[in-house]
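What follows is a group of structures, each given as structure tokens.
Both of the next two complexes hold subunit A, though its partner changes from subunit B to subunit C.
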Partner chain A sequence: MNEHPIKVVVAKPGLDGHDRGAKVVARALVEAGMEVVYLGLRQTPESIVAAAVEEDADAIGLSVLSGAHMPHFTKVKALMDTEGIGDRLLTGGGIIPTKDQETLSALGVGRLFGPGDDPSTIAEYIKERVYARRAAERN
Partner chain B sequence: MAESMRSSRGPSLTPQLWERFLGGERRACAQVITKVENDPDAVPEIRDRLSGRLGRAIRIGITGPPGVGKSTLTSALARGLADGGNRVGIVAVDPSSPFTGGAFMGDRIRMDALVGDDRVFMRSLASRAGQGGLAPSTAGVADVLEAFGMDRILIETVGVGQAELDVMACADIVVLVLQPSTGDAIQSLKSGIIEAADVVVVNKADLPGVEMLLQSLRFAFSLGAGRPGTNATPILATSAQASEGIGELVAELESQASDLVDSGRHREMRRARLENEIRRAIQTHLWASLERAVGASAKIRRHAEELTLSGGSPYPFIRRACAATQVCQTKEEAWQ
Partner chain C sequence: MAMKPPVTIPHLSQVTDCTTLSGRPVLSVYGPDDVFADDLGDSLGRPGHYPYTRGVHESMYRGKLWTMRQFAGMGTAAQTNARFRFLLNRGQTGLSTAFDNPTLYGWDSDDPISAGEVGKTGVAMDSLADMERLFDGIPLDRVSTSMTINAPAAWIFTMFLANAEKRGIPLAQLRGTLQNDILKEYIAQKEWIFPPEPHIRLITDLFAFCAEHVPQWNTISISGYHIREAGATAAQELAFTLMDGFTYVEHAVAAGMSVDDFAPRLSFFFNAHIDFFEEIAKLRAARRIWARHMKERYGAKNPRSWLCRFHVQTAGCSLTAQQPEVNIVRTAIEALAGVLGGCQSLHTNSMDEALALPSDKAVEIALRTQQVIAFESGVASVADPLGGSYYVERLTRELEEEAESYFAKIRDLGGMVPAIERGFPQQELTRSAYEYQRALSERRKMQVGVTEFTNENEILEIPILEIDESVETNQISALRVLRESRDNVAVQDSLDELERTARTKENLVPKLLSCSRVYCTEGEITRRLIRVFGEYREQAFF
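Take a look at the complex of A and B:
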């Protein structure tokens, strides 16, 4: 099967801080052969999901280091569902306690990565999930 | 023949998808674009579906060296054109890495002002195997956007060292964007892009050096640069970041757009593009038959390998191959 490149929207939601984390992830995904639509700083859940819809992205990757991961991931996931892209992967990184991870996972959010994780493992994870979804769609 | 013109990959284009597309659902438009981008076999069916919905929109290419403000300007232009009553599609092309195949697409960073504006539809494309600052699917994606109801389609090319000419092939109007103090004027004169431009924009007019660039451009044009057989190429200054000079640029583009339509040149350009599309599709089909019949590519490679060693002429092989390859079954009636 000749898979076309995976398209990922990468953003840093919220008004605080810098987008170094998001850039590191974006670079790692490009290295892994993905097409990354980079939105950068100060994104709202609405702007992120609207971009993912227009780009028909396979996945959304959020970088949330501020501690506000719960509202951001929850809101983006909810909007993805209402906008009809609930089948697409939502993943990302931050400093996220196990308990929060479990809560988000129950909402359908994908695996979340911490500062200690090698960015290439995020790429591997996205590949696995996106190829599985595409295979299911073909059948 | 039919197999090569039918879709084989990925979820198919269902009647429901087309219904949603015609109903103006943005996600459906995005999904059709994905199909055009990734599945060449699906293109014929998609083209059939789009028929009757193409021919009106004006396609505007935005080209120029890296970082001159193409995306910022495209965003400001999209708003200006939308305020004038247009629906606007944007296709922004970014380079794919030849090593990994990945692409970092950052044009949306400069298009924040368009968030939530449903008069505008923006799509990023990685250049993939495309040459000349465009993706192979650029024109096809523009077709989808036009059929979706867009009146103006802005095509931002890759910011390549020298502004690229290929955008002429798929745009009705070409805007060349430059910025002060980069020596762009001299560079572009060398590359011949000046002849391709219908409008030259000096962006970042808030920075020093604008006057100098404007002067050297005016000088170059007074020496007869510019697209042959057209009026003097307009040179405008903008500050896209501050939305300055955008009104004038929009007015210039809209005036060129109505000239193109009124003079019949727009129809002429469409005819030339269609001619190309047809010729290319038939060439592809003929080549595919040759591949199936004799494995043409592999044979050519083997001959090239031998010739590299022997230093011989390729023509004995070419003559033999051509003499043995005749299009003898075609029926002229079918070409009417």
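Take a look at the complex of A and C:
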């Protein structure tokens, strides 16, 4: 059976202009066959989750290199739950210490990537998680 | 019985890549046939002489070493003051201030938009009160100070001036640099407030104010660093930075200034990436291009107006989170390129910067790296020791030619501001960033510890600096106390006067200074100016 394309909302939350990684990953996801809605800079948890609901996105990818990853990921995750898209994947990357990744993982945030991770690894991870969710929904 | 892991030899034993980091093809050897006579003649010149390819001073580092200036800032002003003292006590010769994101975007620490970001990637700065704490006990008339701030540069600078006034230090004795370069913000770093025109007006206002009142201050640091970090090639960094510089010159002249009144205080900031010779060539080309354009195109008569004096920082984007100790080696190579390229000041990155803000230990090693280059290696004894190298001279010319062709393209688009509004430089460097990532993915480019020579199950063995969440709450309480204890009538009056003046063509800097003296906060000033100038929005693309 043919899967319909995976749709990912990619955003830079808060005050952080480092968008090199987000753009490179966004483009790599497109090349991997996904549809990407790139929201760009200075997004709020509300604007990100609203876009994900409107687009019926399979995943949200946040890029945070400003050290403010804990409040941003926590708020987006909480808002996804209240807006009824808690089953969709929240992933992302940036400069995020392992300890913080573990804390966020316990809250239901997916894998977070960092410097040196190849974009193809990110694409594979998103595919695996989204296909698993879709398969569970079909059963 | 436990099996010993098998020995694998060899991994790689040959250089297969025949291009520079920026993708420029290179030959296996260079000789006299690869350069023009002019590359070794008039285009080369002598150190300290036009066109300054070989350096801005005749005796280079024998006369004065580069300033060792580590970019530092985290948490509160008091914490950053402690880091400043630590660095000065270990032999640093100048200061460089990193502000946190709310400060860089013009907002106060208690603004809802600042939540979670206060003090995280730099020092939190809300008013003159923080500036007083930041430089407490630091002799501002003897140590030069750089401040990396752009969109709200003018009002952070007036807080700095107000602090000097309070301490009785004459403004004419202050030495340092304000980054104050908004064009590269639209291109790369993305910390803007207003549309380009009002920002450029504030910049030219500062040129004029400092020419009169703060004559030893470098009013701008026209920056390629961030353009490179965002993905540009060496030639794109060179071209977009110098084109930004020309744009400021043209605006200041259009505002009625004479080029020699402000050009001697323009300074630059370049990246030193990992491709050793290409970076040296880029720095040499920058000096030659700037000198030629300032003299020939803009008619500057004062030789000081021709000088491209610059700060160099090693490439943050070349650092790896894997095997972070290896970053010490990368930084040493890059710093050496900066020195052989003739920098006036230098920041060496710390080994842990792909993981966090630097720890005391990491920043000390970074500073020591500069000291080894300066005092042990012998490279500082001779000006431009690579001058006349067939390879370096050829690369220098190629980079100059590539930059010139970008200048022509940008002029065809109507200049840098229209080019930015159409997204031209942004798209160029986004494309370069993607191409570099593909080259890494396809193993055409390598990173030790990432694409090759990886260690399985690596354990991090270096200390990591953490910014405590209490920084934000403490900063916000201090700001609340300030708002209650200051003269709020004077605050409102000075803000009203600022807003009135912003609607005219009058120089805004004296009004910003009045606001700063009475402890107006950064965000209060920002909001007043937004009423007049509006806000800039970027069209998102990838």
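Keep in mind that, in the parts below, the second predicted complex is superposed on the first by the 138 of 139 C-alpha atoms of A that agree within 3 Å, B and C clash if a C-alpha of one lies under 4 Å from a C-alpha of the other, contacts with A are read in each partner's own complex, and residues count from 1 in each chain.
Heads up, the rule we're going with is that contacts are C-beta pairs under 8 Å (C-beta built on N, C-alpha and C of every residue); 3 or more make two chains touch, one makes a residue touch a chain.
None of these values were measured; they are calculated from a predicted model.
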- Identify the partner contact of A:Gly14: answer first if only subunit B is touched, second if only subunit C is, both if each is, neither if none is. second
- Message: Output check: A:Met34 vs subunit B and subunit C. Expected answer is one of first, second, both, neither. What do you get?
- Response: first
- Task: Return first, second, both or neither, reflecting whether A:Ser47 touches subunit B, subunit C, both chains, or no partner chain.
- Result: first
- Item | Which of subunit B and subunit C A:Gly84 touches, first, second, both or neither | first
- For A:Ala26, select first, second, both or neither according to whether it touches subunit B, subunit C, the two together, or no partner. both
- Query: Which residues would you name on subunit A as touching subunit B in one complex and subunit C in the other?
  - Reply: 26-27, 36, 38-40
- Okay, in this complex, where on subunit A does subunit C touch? 10, 14-17, 19-20, 22-24, 26-28, 36, 38-41, 66-68, 70-72, 95, 97-98, 114-116, 118-120
- Can you list the subunit B residues touching subunit A in their complex? 9-11, 26-27, 30-31, 33-34, 37-39, 96-97, 100-106, 108-109, 112, 115-116, 121-124, 126, 128
- Item | Interfacial residue positions of subunit A with respect to subunit B in the complex | 2, 4-5, 26-27, 29-40, 42, 44, 46-47, 50-51, 53-56, 83-85, 134, 137-138
- Inside the complex, what are the residues of subunit C that reach subunit A? 101-102, 104-105, 107, 113-117, 120-121, 185, 188-191, 229-231, 317, 319-322, 354-357, 430, 433-434, 437, 440-441, 447, 449-450, 460, 464, 466-467, 538, 540-542
